[in-house]
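Next, two complexes with chain A in common: one pairs it with chain B, the other with chain C.
The block that comes next holds the complex of A and B.
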């Protein structure tokens, strides 16, 4: 009996130390809050949209739909953070660029073309290449010129949205082709938003990449000890550069979904502040922002927690201007809670409580 | 407490998840003595020191300090410092970009106002009184490691410490620097400071210490006066067994220089960016040779050039008679060369990664990015080398940084043995490692050589090299100045060659 209890205690304190604890706890907290405030938050309804095809709607659907871009970016951001001990703050601007490239290729120079100028897949692949090239630009600055990641990516952060506007001569082309809108909305007849499927496909690809290559080992090794990695035959510069290029790919996919949602782009607003959310997702996932070991699953979960938070705030009619302030409060709480010092204290407190509980039981 | 005691630790217990690090350990330090704390890796030396300095909190037991009634509570390094217990660690924990004086007075803010002039003057006086030849305004990073260590000691002394702990202070010093450090320690002993000295060098213990406390497997073996404990006795107490096999090791090493077969590795005019003079080097199958010379003589730079760890600027390399191009570590690895670096912490371990990942790293890199080992394969490799090298670790998932130094070294050794190299380079594999492991590593080197592996062995301890190497290459001032084989392999000839004196060829 006592042995069982002790086991239970160690299981709980083990859970407290586990990296997945914080994002899960945050998620539960948000869920409970919504449950108490308004249970209708969890309702999922089947309805029909204007075109008459079935669609699922509800806040939960919104979360898994709109969280896709963030989760995809969090994957790339996790790798960049682990290898280069810093973050890329230019992903929002880079999304504007890749989205703009996408539109330029689909629409040519027309602002509202009758038909697409190129197949969607071609446009997408080219936008991938462009985004990866910009990722490589950041990566070269970080890996070879040894500039701090935040400073290096500040360049593109500042210039990116202007470059995006310049690519389309500052016009806002609109894609009228319906199939293009499928990727960011619904495919007729399928009630689940398409981004969810794109997200799942992307996660499977990431999982396979980590499972069937040594990306994880190399990236962590370089992030923890560059010298040792070099003496074990790795090329730290190339590996760091590689993570930025991969983040570029994530940017292109996220940009593709973003543009497809509206069939157009607004250079100054698209994916605004998304870099901060992506970095936050990494941190919320319990990954050290100073690099080294990483856990991809918790980062992705962290991204959805943030989306959950955003959606909750929207539901309570928080204005989008004020959103950041509310978010900040929650973020402070989460980050402080996930700090090792605090967690250590909490698990200590927990141990004490169970110990006194046992003593009481004995008496 | 006894009359002369400065510090008494009684019945100390400390355990970590899965390990009982200290069990009922007593320790007594008297005023004006240098007290060696000895034990193998994992014996509990570091844990005891950390309990004393408040890094770890003891589970049970009492600590008494002179001038305090009843047991004192030490909950943080700050507590320890306030009680007059100071520590100088193996790795210097000062700020390299600040001046010497700033480092001495940093973080001891008496008031918020700092008079630089006053501070420098005080620092100068302090350094003078301790005979440390360095200006107070010099930047710390510009001082040698030895001087930095002494500055760390000066800082401790100035904080009125009565108990000074020196944790492996000599492992990165050369002989003359060690001598200076010992002078300083003796001076402090005269003043009545109690010094706890942790080291792996037996010679040094017998040179400066008054008393020895031996720990083994987390328990106290005993406390001895130095005159009453001969060296062999000490070693056997540390190991817990009679040490008869240390003398047996080697002495029938074959001589290789006459053989005419193709060398495993041959370099002509090899030179790197690290300022060594171009050198020629050959090693044959099954041979063990070594580079010797003073610290900074270029012996490490030579092997780094062989491995491609530094940028190679010139030279022709042949392996098994075929020309090869080795410009970076991966080239060397693919040609069957393995290199265990000198600085384990900086160049050897990947601290946060598990023992398993650390063991498979090199082989995995050779195998390639797209061919990862399965978890089962990796575990099998790790288990194999944990067993073979007797690595003490809780599991293969334990992060390597939580292992003791000797066990970390064994993991790195395992990593390279796993690649089944033709030619193994070991740069100071026994530094900071206990006697038992040292002997193990020496034996292993000879065993590997007898199985046909070529080994280059570098060590600061000459007798270790004499015991294992059949040929010694002597370095002086970044230049290869001599090669000793056969009868020339004696302490005397080595010293003479290093010093550049006349060599007795007869």
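The block that comes next holds the complex of A and C.
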């Protein structure tokens, strides 16, 4: 009897303590809310776009499509958070830079070129290098100069969008080549948005990186205790720097999708405030914002939960400038829920409830 | 350990310096490059100090800056100094500097409405004539000679009048707004709201996309996903109209001249006018950035001893209809 009780209690508190609990619960809450309010939310239709190729549409497709950039950024942000105990707030500005580089190479100095000046893959790879270089800049400041990450990345946060404008000489180039738009929209004949595939490919790569290398372990050990990891032969500076460079790569991929969606860029508004959403995704995934252990899956899930929330609010015609207020409520709930005191109290409450339930049944 | 500490202090200082530099360079360097008078021949030239917002802010501002630079040249008899900032206090500092440099005219596009009284009094005492362009301020009108502004409510009204003339059987409008509270948003939204109330037009959704194409795309996507019908997209700038059109293309909803959905934008970017010319959009409202010629007229009048007819000059602003726009218009009015 006591054994059974303990098992049940530990199951509940285990569930509560499990990292995946928070994003799953949030997702379920949103899903149930939408189901009750309007079941057509979950409807997915097959239609045709203006080019005549089949496309799937519906809110669910919008969510997995538009959430891609955020999910990719959440991956990099999780690593950075875990290793350096802080967040990179310059990812939005870095997206502007990498997008600007991409267009500079594709369009040359013309604002509306007849044909592309370089293959898309070349432009993409160069934008990756540039974004990783900017990531390395942040990483060096954080790892070697020991500047607080948020302060170090504030530099790029402030200057990034001006740099992006400067790269293209303040022009706003428009790519007319159709194949470029495939990456942010649909490839003719395939009804699922391309960003979904890019996202999946990126997740698999990350999974493999964490599975077949010791990167995850190293990052966690640096985040938990730098001195100990140094004594164990790790170089914390290099590991931290590495996470920022990886975030740079994530930025380049996200920027590529963003620019491809509209085949153009607006430096002052592209990926605006996305850094806050990326940090929120990490927090929503139950990861500690002060570094150490991390769970990549929950961060990615967290990113899609945020997009789910955004899409739901759009659906119900909530004023979009009030969106951040709703996100703030989520943040407050999260912070309160993840506080150890509260968690202890809740699991205690559950234990008491089940105990009294058992006692009643016995009587 | 000690070395590291010192290193970190140095790095910290470097960061602070870099941050200051990143905020400071754009405005600070420009006046010094063009600002210092070159010497004796300045007697024949009219000295103007121009304080503007950062040209990187938008295509509108870039065109505005280019126009000013093209007008106030040595050939036209001007010696112009430029200073840029999006911050009011920095602009005021630049203004003080221009007054010290004894410019004849101070041209000002203020970042904020408030806070200009004392510096403009200084200007008046020093005999510097002030002309406002693009934006008004809340100071006493006696402190400046003239102001040249866009009439945003009129821009909105021109667009809404055009929409009225389309005589659709029913109006179901997706209204995509700019950043709430900005003059452009209030003017352009106000006209549509009034017309909708008066004529019983349906506003399917009214959302701010904060001048952002991506957000506009998501808003329109959301309306399409919900299955609501609509036949007009009223976007308060070109970028947002572009985002909206991307969502329409995805869902195979035809748009443009003689199609299912009417697309309206503002600002007359060149690429937007080209969309208009191709018949993909229906209407684009101008927000005239070319104030330099108006300013020059005013300066010429004042220099020849004349008086100005009116204190506030409202610029001509056009609205372009896709069925009537010419290639010439695209070249001339596209920014």
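Annotations for the structure displayed:
Note that in this section the second predicted complex is superposed on the first by the 351 of 363 C-alpha atoms of A that agree within 3 Å, B and C clash if a C-alpha of one lies under 4 Å from a C-alpha of the other, contacts with A are read in each partner's own complex, and residues count from 1 in each chain.
Here is the rule we use: contacts are C-beta pairs under 8 Å (C-beta built on N, C-alpha and C of every residue); 3 or more make two chains touch, one makes a residue touch a chain.
Computed from a predicted structure; not experimentally measured.
With the C-alpha superposition on chain A as described, chain C and chain B fit side by side in the combined arrangement. By the document's definition of touching, neither partner reaches A:71: not chain B, not chain C. Once the two complexes are laid over each other on the shared chain, residue contacts for A:246 go to neither chain B nor chain C. When the two complexes are overlaid on their common chain A, residue A:174 makes contact with chain C while staying clear of chain B.
Contact with neither chain B nor chain C is seen for A:280 once the two complexes are overlaid on the shared chain. When the shared chain is aligned, chain B comes close enough to touch A:217, but chain C does not. Once chain A of one complex is fitted onto chain A of the other, the partner contacts of A:227 are limited to chain B, with no touch recorded for chain C. Once the two complexes are laid on top of each other via chain A, the angle at chain A between chain B and chain C, using C-alpha centres, comes to 130°, given in steps of 10.
By the touch criterion stated above, A:132 is placed in contact with neither chain B nor chain C. When the two complexes are overlaid on their common chain A, residue A:49 makes contact with chain C while staying clear of chain B. Looking at the shared chain after the overlay, A:26 reaches neither chain B nor chain C. Number of chain A residues touched is higher for C, counting chain B against chain C.
Aligning both complexes on chain A leaves chain B and chain C separated at their closest CA atoms by 9 Å. Contact residues of chain C toward chain A in the complex are 4, 7-8, 11-12, 15, 18-19, 22-23, 26, 55-59, 62, 180, 205, 207-215, 217-219, 221-222, 224-227, 239, 242-243, 246, 248-252, 254, 271.
The residues of chain B lying in touch with chain A in their complex are 307, 309, 328-330, 333, 339, 341, 346-353, 357, 361-362, 364-366, 368-372, 415.
Of all residues in chain A, those touching chain C in their complex are 40, 47-51, 55, 57-59, 62, 66, 112, 141, 144-147, 151-152, 154-155, 158-159, 161-162, 165, 170, 172, 174, 185-186, 258, 261-262, 264, 266-270, 272, 310-311, 314-315, 317, 319-321. In the complex of the two chains, the chain A residues touching chain B come out as 211-215, 217-218, 220-221, 224-225, 227-235, 292-293.
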